[in-house]
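Chain nomenclature is as follows: A, B and C, assigned in order of appearance, with residue numbering initiated at 1 for each chain independently.
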């Protein structure tokens, strides 16, 4: 694989403390803010239509997360997205639940037309729905499609002209040309709400300090999958997702370039 | 006591991973989602008026929680509730704070008229207010009434034609005919916000896999009270509600039928 | 320093369990509710315009937190604030992010005109913006001003006719006449989202049982800074902000007057 800017990103986070503006859902908003702090960036979660443009204008990256999308929040997301585009900061989109209801799918497609999205992170079904595929509404994973995650990431990257990250057993990242797979992770990452949303915040934090969005996506995704794996190893008998979530945050916080380079399994 | 479908519920959760649609408050929404995952169900927290009907149409149970009720949220709750009624999935209602302000009490009573509620879970005051009783607004527990929790549960079940669960030192569950009391629990469950809301999510998860709503209520309530008791036993000197909340989630996650049958004290 | 009513406040919390009505942001609302419980008070987080007046009428203190301020929430804050003023309970204001966008700054200044605020808690920049200062929007700390935090607290207290608390490396509290500095704390308190918001909830809890708002501010601020310091001491190698946040809540929960008097370093 081509050289990734791992070193530059970790150093950028250490020295730059990028400001990550996030318009996100009410379920995982606290975890997203803490994940952003844990990786060394600074979160701001303003959503009011009166100030999102001004706030995006101060930020180094913008996260748009559809988890609990409402009509009001959608308007704020469009304004903030356009402000981000004007300023030239990355817009990172998490199409939570897209494909599950027509409302979400339509709003997501509209959003991609109105705002230039630089990075999309979702699961297989969500990304598939975003490029017009029909998935089972209960959340069929892309594994049941005729495409692998990696093929889907590449196809979606071409269609949407963005870096695509598909989280899953193996994570797939593509910008349409380059492709990476991350083999780290742990099944318990699916047993805690918000690990996907947090990953999106981590990727945006990385993209806030690097114009190489493909590398930012690989580094941010790698941090989460590796942190999940490392947290799980520290779980004792009788412990469950309560302890796992605490240790996951610890692992993101203590992650550094050396650990990342040594333990992330890239293909 | 008549045979409870404990075995069928635990097996249903394991194999069915029911989808629990929850329109709930902003305070405990993350904990409710994680409690739902911990017991083996799948949470979706969509609240937007544009999609709640579609989402309820995909779900196996619906939770309506009044914690931070607003006029908009109320409208979504009515639409989702009617969709749930049409589909025949259980509606589980948590009348948080009902009795404290006239707004809440009136909205709760309206809600029970517009939507067929299958299970109600609250504390003594909330349930008492729901059947038209006047309680001290600062939250007098039903212990100060002339009724025991068990008598109140039975009376409310008859009046509201629903399974009633009253959480407290001892929990009382009734469908108007059958009555159960659970003697497990721990006082620290009242020192963490959201344990009531989480219990409602657990009960809905159980009702999502069993048409025997009385059993679902007993099993879900029992999981929380027993998990609280078990978590408290693992607390060391110098630890408090931070650690307790983590261990509570662990205990819900690791709970199984064997532990439940052995340690839940039912009367 | 003049006598502080530390003893009276701790005893008041133990016996009075004051009800703290909080209209706050969606990011840290759960942590604020749990911090309130941990110090021995009772939280209620109602925000709906239809009931905030009634709820404030039941409360012993009101928290107004601007973290995710919207136009609707602002209206509720004004209604609740006026109801609190009429009832004579303390209004504790957290001007989160004021100075960052013109919208926030203007709304905060408007708020101080419409409602009598008794205590303000913020960082240096926020308090500076509140008295009309121009700070760097990315959040310059008041250390870069020509004023110390203590001088700024005193000046703001005079200008705003309120007790002012400025959280920082050393915390500064003033009512315009009296001045206190707290030298406890830990840098990790800035690495977890919501520690400022939680401090505001703690201060309001103390003010809910004491008319000596200066003492309430010192006690509440001291609880957080000392809890942070004590939590950090219990962190092992490989642990990070996940574990720290859990232990922070434990320390607030287990804090008592003896520990406070022995370990809080006041000047």
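Methods note: a residue touches a chain if its C-beta (ideal position, glycine included) is under 8 Å from a C-beta of that chain, and two chains touch if they have at least 3 such contacts.
Molecules present, by chain and UniProt name: A, B, C = Hydroxyethylthiazole kinase.
Remember, it's a predicted structure, so these values are computed and weren't measured experimentally.
**Student:** What's the call on subunit B (Hydroxyethylthiazole kinase) versus subunit C (Hydroxyethylthiazole kinase), same or different interface residues, using the half cut on shared numbers?
**Tutor:** different
**Student:** In steps of 5 degrees, what rotation angle do you get fitting subunit A (Hydroxyethylthiazole kinase) onto subunit B (Hydroxyethylthiazole kinase) on the CA atoms?
**Tutor:** Subunit A (Hydroxyethylthiazole kinase) sits rotated relative to subunit B (Hydroxyethylthiazole kinase) by 120 degrees.
**Student:** Once you find the CA centre of subunit B (Hydroxyethylthiazole kinase) and the CA centre of subunit C (Hydroxyethylthiazole kinase), what distance in Å lies between them?
**Tutor:** 33
**Student:** Note the residues in subunit B (Hydroxyethylthiazole kinase) that touch 2 or more other chains, in rising order.
**Tutor:** Expected reply: 26, 30, 245-246.
**Student:** Give every residue of subunit B (Hydroxyethylthiazole kinase) touching subunit A (Hydroxyethylthiazole kinase) within the complex, in rising order.
**Tutor:** Of all residues in subunit B (Hydroxyethylthiazole kinase), those touching subunit A (Hydroxyethylthiazole kinase) are 19, 26, 29-30, 33-34, 37-38, 43-51, 54-55, 58, 234, 245-254.
**Student:** Can you list the residues on subunit C (Hydroxyethylthiazole kinase) that touch subunit A (Hydroxyethylthiazole kinase) in the complex?
**Tutor:** 25-28, 30-31, 67-71, 97, 100-104, 137-138, 191-194, 238-243, 245-246
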